[in-house]
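Just so it is clear, A, B, C, D, E and F label the chains in written order, and each chain counts residues from 1 on its own.
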Amino acid sequence: MLVGDTADVYLQRTLTILRNESINPVVAMEFSPQNAGVFCGITEARVLLARILPETGSEVWALEEGEAVGAKEVALRVKAPYGSLGLYETAIGGILSSNTGWATAARECVDAAGDIPVVALGARHMHPDVAATLDYASIIGGCVSCSTIQGARLAGVTPSGNMPHSLPLLMADTVKAVQAFDRHMPQEVPRVALVDTFKDEAEEALNVARALRDRLRGIRLDTPPERGGVTTDLVKEVRARLDLSGFRHVEIMVSGGFNPERIREFVASGAPVNTFGVGTYLACASPNPYTFDIHEIDGRPVAKRGRTPGITPNPRLGRVM
Amino acid sequence: MLVGDTADVYLQRTLTILRNESINPVVAMEFSPQNAGVFCGITEARVLLARILPETGSEVWALEEGEAVGAKEVALRVKAPYGSLGLYETAIGGILSSNTGWATAARECVDAAGDIPVVALGARHMHPDVAATLDYASIIGGCVSCSTIQGARLAGVTPSGNMPHSLPLLMADTVKAVQAFDRHMPQEVPRVALVDTFKDEAEEALNVARALRDRLRGIRLDTPPERGGVTTDLVKEVRARLDLSGFRHVEIMVSGGFNPERIREFVASGAPVNTFGVGTYLACASPNPYTFDIHEIDGRPVAKRGRTPGITPNPRLGRVM
Amino acid sequence: MLVGDTADVYLQRTLTILRNESINPVVAMEFSPQNAGVFCGITEARVLLARILPETGSEVWALEEGEAVGAKEVALRVKAPYGSLGLYETAIGGILSSNTGWATAARECVDAAGDIPVVALGARHMHPDVAATLDYASIIGGCVSCSTIQGARLAGVTPSGNMPHSLPLLMADTVKAVQAFDRHMPQEVPRVALVDTFKDEAEEALNVARALRDRLRGIRLDTPPERGGVTTDLVKEVRARLDLSGFRHVEIMVSGGFNPERIREFVASGAPVNTFGVGTYLACASPNPYTFDIHEIDGRPVAKRGRTPGITPNPRLGRVM
Amino acid sequence: MLVGDTADVYLQRTLTILRNESINPVVAMEFSPQNAGVFCGITEARVLLARILPETGSEVWALEEGEAVGAKEVALRVKAPYGSLGLYETAIGGILSSNTGWATAARECVDAAGDIPVVALGARHMHPDVAATLDYASIIGGCVSCSTIQGARLAGVTPSGNMPHSLPLLMADTVKAVQAFDRHMPQEVPRVALVDTFKDEAEEALNVARALRDRLRGIRLDTPPERGGVTTDLVKEVRARLDLSGFRHVEIMVSGGFNPERIREFVASGAPVNTFGVGTYLACASPNPYTFDIHEIDGRPVAKRGRTPGITPNPRLGRVM
Amino acid sequence: MLVGDTADVYLQRTLTILRNESINPVVAMEFSPQNAGVFCGITEARVLLARILPETGSEVWALEEGEAVGAKEVALRVKAPYGSLGLYETAIGGILSSNTGWATAARECVDAAGDIPVVALGARHMHPDVAATLDYASIIGGCVSCSTIQGARLAGVTPSGNMPHSLPLLMADTVKAVQAFDRHMPQEVPRVALVDTFKDEAEEALNVARALRDRLRGIRLDTPPERGGVTTDLVKEVRARLDLSGFRHVEIMVSGGFNPERIREFVASGAPVNTFGVGTYLACASPNPYTFDIHEIDGRPVAKRGRTPGITPNPRLGRVM
Amino acid sequence: MLVGDTADVYLQRTLTILRNESINPVVAMEFSPQNAGVFCGITEARVLLARILPETGSEVWALEEGEAVGAKEVALRVKAPYGSLGLYETAIGGILSSNTGWATAARECVDAAGDIPVVALGARHMHPDVAATLDYASIIGGCVSCSTIQGARLAGVTPSGNMPHSLPLLMADTVKAVQAFDRHMPQEVPRVALVDTFKDEAEEALNVARALRDRLRGIRLDTPPERGGVTTDLVKEVRARLDLSGFRHVEIMVSGGFNPERIREFVASGAPVNTFGVGTYLACASPNPYTFDIHEIDGRPVAKRGRTPGITPNPRLGRVM
C-alpha cells in the first residue's frame, strides 16, 4: 500500500504537479462518515499515518475506536504537509469507510440480541484479503468472538467455531463426527455439534447429547432455508426435548440468515437461544462512505463550494498523534 | 492467505480431526451464488487453486469471468482430495462473493448508461487491501476504466482520473490549477477540469475552456449534494453555454452519487453526458453470498439435508483446470 | 328445517299478518350473489323447493350447479304464491350463500393447480352439521376427492385419506404404522404414508419406501409451520432422494396451509407435487351473500327502492322445476 | 353425527387398524385455536363428549364459554381412551372452529358499538343447518338478540325482527303494512317499521310515526347500497326531523353492511343510533381453525415433530367433565 | 390593472431604477407552464398587450387558445422594450396560470366523459371577480355550457341552468315549482327539474314527468353526500322507472362532486347519464404556474443561471401580434 | 358584480319566477365551508351585503375575519328577503370559498415557520383580477407582508420586494444592479439583493456585501430547481461565509417552491433563515368550497333533503350587520 499503487491515479498526478510547482502547505483534512454509526478503523489508520507523516509538525485528532459517530460528524482530522498525506487520502478514507460499515452492522445485531452473545461468522462471504478486518470490526461493534483465526488475533479474542457440515458428511454420521471431534480436540475447545446435516434436528440433538453427555457444550441449529430455516418454535421444541431427557446443560446456538430484525423477533418470542451466529448480514454490510475535505491551508480557513471554510469544531475529538 | 490464518477456525480443526482419522476422500464441492448476477473472481480463484490442488487427480469446472450467472446456479465445481481443499473453501467463497457482488453492480450501471461509457470511482470508499480488486471487478462488469493504478493494471486498462478538489484549493484558483495540470502532465493524459470548486459550474466551465481552448478534453461536474447535486438541467445548460461560446469539443463527465436509477433518469432526460463516474454505488455493493457444499464423496452422491445429492448438472460450465 | 324454526322470526310474523289479511299473490323472487363465483347449492335448494311449493302454478329457473355466476347476476328465480315460499327465503338464501362461497374457493385452488389434482380436507375446521356440504361444494368446485365419507357420498366420489399423525404416534413408529395400515386395509385403499411425525421427512420417506416397496402409493408431506412448513425445495429434495434410491413410483402429496397463491408458487417453481391437499382455505372461505328480492307481484313489475322493477332478463337461466 | 359419517375417512381407517392391533391407550388430546378470539362451542362439544366418552376414566378440561382465548392457547383438553375419541376429533374441532370464529366476530362488533346494543342478523347468508348455531355464537359474543327462532332458543333470548321489505311490497304501501303489523301482532312484539321500501326515509319515518304515534317503538334504516347505504348524516337528519315533529320516543335501528369499522365510524360521529343490526359480517366470519394433537399416551409425554411433548400447562382451564 | 397597482412592488421599483439609468433594451421574454395542460388565457393576454406595447417594434408569438401545451414548453414569447412590458409580467403570468389551470381541469372531465356533454358549474365556489373567467376557460377546455351569464357571453355560448334547491323550498313543493318554472320561462329555456329536494328521487322524477309530460326536457339528480350522493345504480333505477312509465324522452343530468375519476366510473358502469355537471373540481383546480424569463436582450442571447441563453425554438408558436 | 352578470343564470330565472308568483319571504341562509380552515372574506362580503340588503329587517351573523372555522361549521348566516339576496348567493359563496382557501394555506406556512416571518409572493401565478385579494387573504392568514401594492393596501401593510432577476440581467451584473438599486431607491426601502442570477450564490453574496457593506439589509436565495433549488446546507454555508468575512448583519431570505413541509424541514435543520418567501403554494391553494342553504322561511324551520331543518346553533357567531 505504501508505494501508492492502490491510490487513485489523480492523486499521483496531483502530487507531481504540486512538486513541480513547489507547493506543499500544511493542510487540515477532515474525514466524516455519510451516516451515523460506530466509528472504526482508527487503529489501522494510525499505523499507516505513523509511516507517512513527518516526524514533527503534524497533528492527528480522532474519535476513539468503537465510539458512536453522527452523520457528517468529523471523526478524524489530520494536519500535515499535503505532500506527505495526499497520496494516501483514499486509503485512509477506505479504511474508515469499510471498518465503520462493518462495526455498525455488528452493533445493530448486538443491540438487537440484548444479553445474548453474538458471534461473527461473516468471513465466508468476504474477500479473504479483508475477511480478518471484517472480523476485527465486528468485535469492535460488540460481537464476543469471530470465526477467523487472524481476525480474532487482531481483536484479541479467542476464535470460535465447531465444525462445518463437511465433517459429518465425510464421516457419514453426525454422532461419529462429534465423537471424533471429542477425541482429537484439546480440552479447551468447547464441544458444539451441528445437528441438521442428516436427520431431524430434535432427534439428532438427543443423539449427540446421549453420546457425549456432560462433555457436550451445545448444539448448533443451522437449518437451511430450503427446509424453512431456523424458527423460534424449533428452538423451543429442541430445548423442551433436551430438558425432558435431562440435558439442561446443553446450549443452543442458532445461525443461518440472522439479521437485527430476525434477532429481535427471536428475542421477543422468548426462544431460549444461547448464542446468535451472524454471517451474511455482516458480510453484506455496505461501507459507510467518508468524505474528506481540506478545511485549512497554512492556517487559513478554506473550503470547496458546498462546505464551510475552517476547521469544524468537535470537542469529542482527542489528539492521537 | 496460504498459511490459512484467514480461514475459519473450524476448518482448521476439521482438517486436524480428519488427518487423525486418516480420512481424505476426493470430494466434489459446488459453489453457487445466492442471487443472479455477473460471475466474477474465477481468475483470482484459479491462482489460489493452482497453488493448493495436487498436480493430478483434481478437476475444476467454472463459468467464464464476466458471464451472467443465475440465482443458485452452480458457477464453480472443484473435485479434489478434501485435505487439499478444505482449508481454503471460505477463501474461495469470499473471492467469488465479493467479486460477483461488485461486477454485478457495475453491470447494472453500465446497462443503465446504454452507449455512454462508465468509469469506476469506488476505491475511495473501500478498504485499500481490496480497492484494486473492486476496480478489477467493475471493469469485468463493463466499466471502461477505473481510478486506481493497480486495479487498472489487473484489468489491463489505462487508469482514469483528472484532479481532486484539493488541487484547485491548494492553488487557490481553478484556472491556475488547470494550467498547471496542462504544463506538467504528459500529452497522453487527457485534460479534464473540475469546475465546481469555487464558482458556478457554467461560469467556471467557460473560464477553463477559454484558458486551454482545444487542449481541454472535458470538464467534470461533481456538484456536492449540499448544493443540490448534479442535475440533468445543469448538464444541458452547461452544454448549451459551452456550445454558444464555440466549445463544442469539450466533453462533460458527471459524478457524485450516481446509481443505475439516477443514470437511467439522466439518459431518459436526454442530458448530453459524455461519461458517467460511479463511486459509492460500486463501493457499497453487497457481496453476493456463495453457498458451497459437498455433493459427491469418492464418486458417491451425497448432500446434507436441504440439498440434492450428486453433482448438479450445468452444461454451461467449462473445465478450467 | 321444514318447521321453520331456523327461519328469521320476522318471516313468521309476516306470514301471520298476510294470512290474516288474506293476501297471497304469486311473486317472482330473484336470488343474486354479491360477488362473482361458482354457483352451487341448487341441488340442495331444489330438494327443499320440491317439498314446499304447491304442485302447480310455480316455476323455478336457475343456473346449473357448478356454473360461473357474475356479481349481482340472477342465479335463481322462483315464481310461487308468497305463502308457500316466504318462510323459506332465508333458508334458500343461506344454502346458496354457503355453497357458492365454498365452491368458489375450491375453484380458485383447482385453477391455481392446473393439471395437478386437489383434494378437499376442509372438514376438520368446519361445524360437523355442514362439513359434508362443504366437501360436496368443494368437489363441485373441481376437487377430485374429499375427506369425509358423507361428503364424498353426496358428490358421488370416493373419499380420500390415509392416516392422521395419531396413528404413528400411537404405534410409536412410522414404519410400524405404515405396515399395520398395509396389513389391515383392503387392497383398493391406496397406501399413502405420513412421514413428518418423528423424523426428517426425506429420511422417513426412504424408510417407508424400503418397507412397503411397490405397495407404497405415495407419501404425504405435512411439515408443521413450527418447522417452516412444506417448501418447494423440500418436495424437490425428497423427490430426488426417492428417485436416487429407485422409488420413482412413489407419489408426493403435500398439505398444510395451502391456498391459491401458495399453490401457484409451487406450480411455478416446478416442484414435483402429485396432489395438493387443501383444508383451511376451504373451511375459512366466506359465504358469498345472496340478496333476494321480489320483482313481480301477480305479474306486475315491482321493486323496492334501489332495485329495478320487473323480472331481470337472464337467458342463461334454465327451468328446473 | 354419531355414526361417524361426517368424520374424515382416515379416522375410520385408523380405528379399524388400532382395533385389529389391539391398541387403545388413554391419550391426552389438546385443542388450540390458531388465532386469539372468543372461545365458543364448548356447550355443544360437551353434549357430544357426554355421549361418546366412557363413564369412567376420562377427563375434560376447558375454558368457559365466551371467555377470551389466546392464539395457540390450549382451550380444551380431553383425556380418554383413543378408541372412544378418535372418530370424533374432527367433529369437536369443527364445532370449536366455527363457533369461535362467529363469537369472535360478534364480539368485535359489540366492542365497537360500546353502549349501543347489537342484534345478530347473519342467518340469511348462512347454511340453514348451522344458521341457529351462528346466532347462538353471536349472542355468546355479546349480541343482545338474533333473528332466528331456534338460535334465540339455544341462547335463551327473545328473537328479534320486525318486517322484511316483502311486507310493504305485498301490501303496496309502507303505512298500510305497519298498520297491519300493529293490528295482528301480539302486544309484546315491538312495532319497528322499515321505512326505505318506497319513499325517502325521512318522509316515510314521519308517515309511520303519524300513523302509529305512541305505539311505534322505532324505525329501521336499511337503505340499499345502490342508494348510498345508511350514512351518519341520514341518521342525524331523520332523528332531527322526528324530534321536530314531536316523535322523540321513536328509536332508530340501522342495518345493511355494518362491520366493526363502520360501527366505530358511526359511534365516533355521534349519530344517534339506538340499535345496530349486523348480518353479513357475522355470516362471512371465517372459522378460527383449531389444531388438535396428542400430547400424552398412557401418561407418557409424546408429541409429533413440531410440538412439545407432554401436557401444556394452562391454569385457566377448569374441569368440566 | 393598467395603473399597475396589482403589480409586484419590485417591478415598479425596477422600472424606476432603469428609467433613472436610461436602460430600456428590447427583451425577449418567454412564458412556460410548469406542467402539461391545455393552454388558455392568450385571448385575454392579447387585450392587455395591445394596450401596453408600443405600436411598432414588438412581436408576440403564442400557441393557440385551447391547444395542448407540454411541461416547460414555451407557450408565449413577447419581444418588446422592457419599459413597456416589465410592469405587467406578473399580470400576464397570472392570466395564463389561472386560465390554463382551469381549462386543463375541464379537459380532464370532458375526456373522461367521452361522448356525454359536460356543463361547467364552478362559479359558486370561486371569487366573483374571476368566476366568469373560470367559466370561459372551462368552455375552452371542452365544456358545452356554463352557469354564469357573463362567462357564457365571453365564450360565445348559451348559459345553462334550471333551478336551485331554493325554488322548490320557497314554493314548498317540487311539482309546483316545476309548474311555475314552466309557466314563466320562455319556450327556449329547457325544462329540467331538480328532484331531490323533498322526496325520493325516483318517486319525484315520476311526479314531475306526470305533471309536465312532453314539455319536461329532463331531471337533475343532485343527491347530497349526506344521503350517499348520486350513484350509478340510482341513475339506472330512475331511468328504468321513467321508461317503465313511458317517459323515455326525459333526460338525466347528474351533478354533485363529480371529477374525472368519478365520471370515468359512471361511464364505465354504463349508467345512462345525459349530461354531467361539474363544479367543485373546476373551482378547486390549481393554477398551472408559469415561469417567465428574459432570453434575449437587444438580440444577444442571455439567461439567468439555470436557464439556457437565447430564444427557445418552438415551431408550434404562431405570431399573433 | 352588482348587475348580477356573474351570477348563475338559474338564480336570475328563479327571481323572475318568484316575482311573477309574488313570493318573497324572509329566509335564513347559512354558509359553511367543506373543510376546516381559516375563515376569510367576511370584510369583502359585508361590503357587498351592505349594498344589496334592505335597510331594515335583515340580520347578518358571522365569525370574525381570520378565525379558525371547523368543517361544516356555519360561518355566516344571512336573514333577509329572498328577493334581495338570491341573485348574490353565488357571489358571496365565491368570496368566502376563495378567501378561506388562501388564508388557510398561508396559515399552514406561518405555523410551519414558527418565529420566522413569511412573505406572500403568490400574485405572479394568480389571475390579476384577484391577485390583490390573494395577498390580502395571505396576510389575514399570518404573512407579514406581500408583493402586490394593492394587496398590501387592502391589508394595511407595507408591500415587500427587492428586485426581479430582470434587473441584474438588464444591467448585466449583479453588483451593478445592487448599486443602482441603492442609488435610486428611497432610504426606507430595504436593500435586499438577489445573488443567484449569474454566479455561485456564496461568491455573489460576498460581492454584494463588499459593495454595499452596512447599507445591505439582506440577500435573497432563489436558486432555480434546475440547479437543485435552495438547500439547508446552502443557507448554512452562505451564512458561514458571510460571517467569516464580517457580514453578520446581512439577513438571508429564501424563496422558490417553499410549502409547509419544506419550511418545516428548514426549521428543523436549524438553517439560519431570516425570512421565508412563499408563492406557488399560496397561488395553487384550492378554494375551500362553501355550501349555502336555506334553513328557515318566514320563521319556519325548513331544509332540503340531507340537511337538518331550522337554524343551526353556533354561539361563536357575532352579529355584524
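In the analysis below, a residue touches a chain if its C-beta (ideal position, glycine included) is under 8 Å from a C-beta of that chain, and two chains touch if they have at least 3 such contacts.
Values in this document were obtained by computation on a predicted structure and should not be read as measured data.
Engineer: Check every other chain and keep only those touching both chain A and chain E; list them.
Structural biologist: B, C, D, F
Engineer: Only C-alpha atoms count here: how many degrees separate chain B from chain D in terms of the superposing rotation, rounded to the nearest 5?
Structural biologist: When the C-alpha atoms are superposed, chain B turns by 180 degrees onto chain D.
Engineer: Which chain's centre, taken as the mean of its Cα atoms, is farthest from the centre of chain F?
Structural biologist: C
Engineer: Please state whether the interface between chain D and chain F is built from the same residues or different ones, using more than half shared residue numbers as the mark of same.
Structural biologist: different
Engineer: Can you check how far apart chain A and chain B are, centre to centre, with Cα atoms defining each centre and the answer in Å?
Structural biologist: Each chain's C-alpha centroid was found; their separation is 22 Å.
Engineer: When the centre of a chain is set as the mean of its C-alpha atoms, what distance in Å lies between chain B and chain E?
Structural biologist: Those two chain centres are 57 Å apart.
Engineer: Note the residues in chain A that touch 2 or more other chains, in rising order.
Structural biologist: 198-200, 223, 225-227, 233, 237, 305-307
Engineer: Throw together a list of every chain pair that touches.
Structural biologist: A-B, A-C, A-D, A-F, B-C, B-E, B-F, C-D, C-E, D-E, D-F, E-F
Engineer: So in the complex, the part of chain F that touches chain B is made up of which residues?
Structural biologist: Interface residues on the chain F side: 198-200, 203, 223, 225-229, 231, 233-234, 237.
Engineer: Per the contact definition, I'd like the list of chain C residues that touch chain B in the complex.
Structural biologist: 200, 202, 233, 236-237, 240-241, 244
Engineer: Mind listing the chain F positions that touch chain D in their complex?
Structural biologist: Against chain D, chain F makes touches at 301, 305-310.
Engineer: Tell me, which parts of chain D touch chain C in their complex?
Structural biologist: The touching residues are 1, 4-14, 16-18, 20-21, 23, 25, 27, 82, 86, 89-91, 93-95, 97-99, 121, 123-133, 147-153, 159-171, 180-181, 183-185, 189, 196-199, 223-227, 280, 283-287, 289-290, 293-294, 297, 302-307.
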